[in-house]
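Here come two complexes built around chain A, the first alongside chain B, the second alongside chain C.
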Partner chain A sequence: MPQAAVRTGTLVQVGHLARRSIIRTARQPAVVVTSMVFPLFLLAINSSGLEAATNLPGFPTEKYLTFALGLTFMQGALFATMGAGQSIAEDIERGFFNRLQLTPLHGPALIAGQLAGTLLLGVLQGVVFLTVGLAFGADFEAGPAGVLVMFALAMLISVAFGSLGMTVGLRTGNGEKVQGVFPLMFVLLFLSSGALPRNLLERDWFHAIATVNPVSYIIEAYRSLLIAGWDAEALALGFGLGLAILAIGLFAATAALRTRMERT
Partner chain B sequence: MSAETENNGIVVESLVREFKKGPRAVDGIDLEVKPGEIYGFLGPNGAGKSTTVHMLTTLLPPTSGTARVAGFDVVREGPEVRDSIGVALQEAALDPYLTAREHMRLQAGMHGLAKADGRRRGDDLIERVGLVDAADRKVGGYSGGMKRRLDLALALVHEPRLLFLDEPTTGLDVQSRTALWDEVTRLSRHNGVTVFLTTQYLEEADALAQRVGIIDSGRIVAEGTPDALKAEIGRPTVEAIPADEADLERMQQVFATFGAPAPAALGAVGVRLREGAEELAPVVRALDAENIAVHNLEIHAPTLDDVFVAKTGKRLEGAHDDTGEHEADGERRPTGEFDNVAA
Partner chain C sequence: MIGRHARASWAIAWRQLYKMLTNPAFLLPSMLMPIFFFTAFAGGLVAVADSPGFDYPSYTTFQYVFVLMQSAVFGGVFAGFSIAADFESGFARRMMLATRGRSALVIGYTLAALARASIVWVVVTMVALIAGAEVTGNGLDILGTLSVAIFTNIAALLFACGVAMRMRTMQASPLIQLPAFLLIFTAPVYVPRELLEGWVAVVADFNPLTAVLEAAREWVIGGSAEAGLAFGAAIGLAVVMAAWAMTGLRRAERAT
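Presenting the complex of A and B:
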């Protein structure tokens, strides 16, 4: 009987797996909506309850909504982390991972393809968060070009944290365990400069943790586009740390995939 | 080992798989599957069937021993093995958010089929497994039988020479099970596909497999054609219920002339026929000569369950449920049964 004569290239496989990942994401409205509603809900609470913080000397803007929007983007990325982890864990639990292993699958194609859905989610979140923020009066000092940079950052951060989620999913092969890791990610968020600028954090320990917490710098990169316009240092730190997390995430996910794929 | 077996068959020698802190899941098995053959791998849960399939399909490296599938070594030539085989594992491995057609497209694409070829092949297979009406629905809403059929179709996308089916009908209703049996038989007969089928259903092995290997605790305890294995076990038994309970003792005396007593239900008499099934007619004639009217008479051919009991000392889990289910529907009965035979 004839066989498939052509060995598929990695990029072709990425295309097929990305398509599948995007379809999966688009057909789970509950996941998409939750990943947007929860950050927007926190944005609404924070911007109404913490408006007085703008009166503190040294606070960088007069609108807390503008300040808090950066945190909203970061929260969205953390949801993407969980989504990417759960997606691969479900594939392992359902045996779909074995189905893919039985094809001429290239490992990097699986990781890249799976992250396509995460990327889609990041873009959708960006559109919604920015639209809602601007509709309620948030400032955006960097102008139209800044919007593009903001989306680029949102996509980078989504796949960077998504790759970390994938690592957990591949290591555990269990969707519930991936969910168990989710609160730990929120600790990173709360121990950052998400609620107040670092220079206004009075507790030494909090200030010290927020200073070494990379999440602070990512939030500050988002925030710089909203408040300052173009701050090269903040953007360089945000993109740099995003790329570093992506590199670590991809390395860890590749190692986890190698362990998970026992095939000969 | 012939050149043909080398190309399309399976040859396994001393295959072992040990798991950490566990017993040997597969403990040195040898087997050979000929090209185009349907080989039934029969055993209870935990016997080592799935572990064997995982090793033969390259998903799990063996601890020791060798296995060649389609002429390729499963350890050293994994990609070549995977190109040659189609696999449907125990659970239908499907994405509930994708449709059948999208599954086909993904599978064809991953196997390197050109877009048009993949679409044509996918459509053909969807039609063959009777999923045309459901092809554009998400598979999350499919029944177990539909999922199994799609799983089988996906395993065939790249036209494999060998097909591995790991308990393909577990949990399916009789209709779905029969449809899948027909498709597997067709693939073997018409397309020359070699099929390695694991099952815990005796009747499935009996109905489908040309040869059967029985595995228990990681070891193959018997191998051969279903008929040869049954013949090894022994002769058939006859069980009868007299129309008049008062004739029970006389019936026992008649039966005693044909062989040793066999276990029978309350109010019935059983005998293991000394000379085999040919003695059924003489038994009926002897009862008639003694004027013993018979309410019910059955001849029990040895089943694979008997083989399993003889080889392992235990009954196969689900064996009786399986038989009962099919008897209820009047399908392939393992026994010849004659109701209300008036001798």
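Presenting the complex of A and C:
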């Protein structure tokens, strides 16, 4: 078959699966709402409970709400991770995956199509989180162009972590086991510079963990747009790590898909 | 009659405990969660103790007491999940048919929740002491701390029990978890109440867990606390939740 025809075929397959994934996400209001309500609830608690931290010397902003908004974006992405894993695990449990295998479907098309729903969730979360944050008085130093960069980062991180969730879903093929991985994701979130900037993490061991935790740098990239304006280093690290996680996630998901196809 | 009732309660409690002790998947989440919160808060937020007006001697101890109360609440919440699962699988229905005094079910689940929380408290305390928490209160102070923790655990279990017996499905889990989460995190978690700002400061004034948490934080360091208010809040909450659980039981009886 000519190369161009194969490419067109794959794109059509991606289109069909992406449509299904997006409709599926839109039809699960409980998943969409939960992935927004919990991060916003934590934002509301932290911005009020930790406002006193803004009095610490070296704290980068006068409003804890502005500082905490980056963590909210990251938390939303972790919910997207679970959504992606859960979706593919459900497909396996219900036999839809087996039926897909009877069709001439390409592996990359399946992965890309499934991640479309995660991307949609990432965009919706970005709109809601930023709107709520700004409505309650958060600063946004980077201006309108920064909003676009913020959304680009949110989409990249959602898809990157979504691909990791998908890998777990493909490997386990079980929704409950995917849920079991959720607390591990929260370990990454809490052992980061999410609650305080790294220069204010006094415990050496915590500082060391937060420094090697990639989630710290992703949160700091979001935060830079809110607090500093344009910080090239923070953004390069955030986007760079996002792309690296996406590459690892896609590689792992492809390998897991191959194993799953051999098994079924 | 009382002997039979006590035996039924014990049988239900023992079944729950056996399930928990022989299957780590039931015990580990309720144990790991407080340890994880303790690590994240006591490790990552210690600089908050440098905020002007923060007058508690040790941030590790400050967070240890929070985690102790959090495990009291979540001990009840996780036990509530088991009750919902028992109803969903039909096991609770068979227990109701086999038990004359059905309040034995509530008492049995309460005993099991208390045992679960006690195991978690021992582990959390060991971790906190290793991490440098300073417990300088005398025996009576520690007894006060444990007593309010026990009443808080009972109140949480009775709340979860009431929800689980009304819904009789695992889908009740978010409805059990969310109010518990709200109760815990609208108390002074990170800083003393005087340093809270915004809406949490207002809600914390009316949250019964605030009185419990503040008193326990004082007792643990040998300070003076408003014992009457703390016990009143914890016992009052348990009494209200007992009524909620018993009306839930009556609904479950009518439905089965």
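As a convention for this text, the second predicted complex is superposed on the first by the 254 of 264 C-alpha atoms of A that agree within 3 Å, B and C clash if a C-alpha of one lies under 4 Å from a C-alpha of the other, contacts with A are read in each partner's own complex, and residues count from 1 in each chain.
Operating definition for what follows: contacts are C-beta pairs under 8 Å (C-beta built on N, C-alpha and C of every residue); 3 or more make two chains touch, one makes a residue touch a chain.
These numbers come from a predicted model, not from an experiment.
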Just chain B (first), just chain C (second), both, or neither: which does A:Gly49 touch?
second
Quick check for you: in the superposed arrangement, does A:Arg24 touch first (chain B), second (chain C), both or neither?
first
Would you sort A:Arg94 into first (chain B), second (chain C), both or neither based on which partner it touches?
first
In the overlay, answer first, second, both or neither for which of chain B and chain C A:Leu105 touches.
first
Chain A: partner with more touched residues, chain B or chain C:
B
Could you tell me if A:Val33 is touching chain B, chain C, both of them or neither one (first, second, both, neither)?
neither
Chain B and chain C contact sites that coincide on chain A, given as residue numbers:
none
State the interface residues of chain A toward chain C in the complex, per the touch definition above.
34, 44-53, 55-56, 183, 186-187, 190-191, 195-196, 200-203, 205-206, 210
Residue numbers on chain B that touch chain A, as the complex places them
57-61, 74-76, 78-79, 81-85, 87, 89-95, 97-98, 102, 105-107, 109-114, 138, 154, 158-161, 191-193
For chain A, which residues are in contact with chain B within the complex?
1-8, 12-13, 15-17, 19-20, 23-24, 27-28, 91, 94-96, 98-105, 262-264
Using the touch definition from the top, list the residues of chain C that touch chain A in their complex.
29, 32-33, 36-37, 39-40, 43-48, 50-54, 174, 185-186, 188-191, 195-201
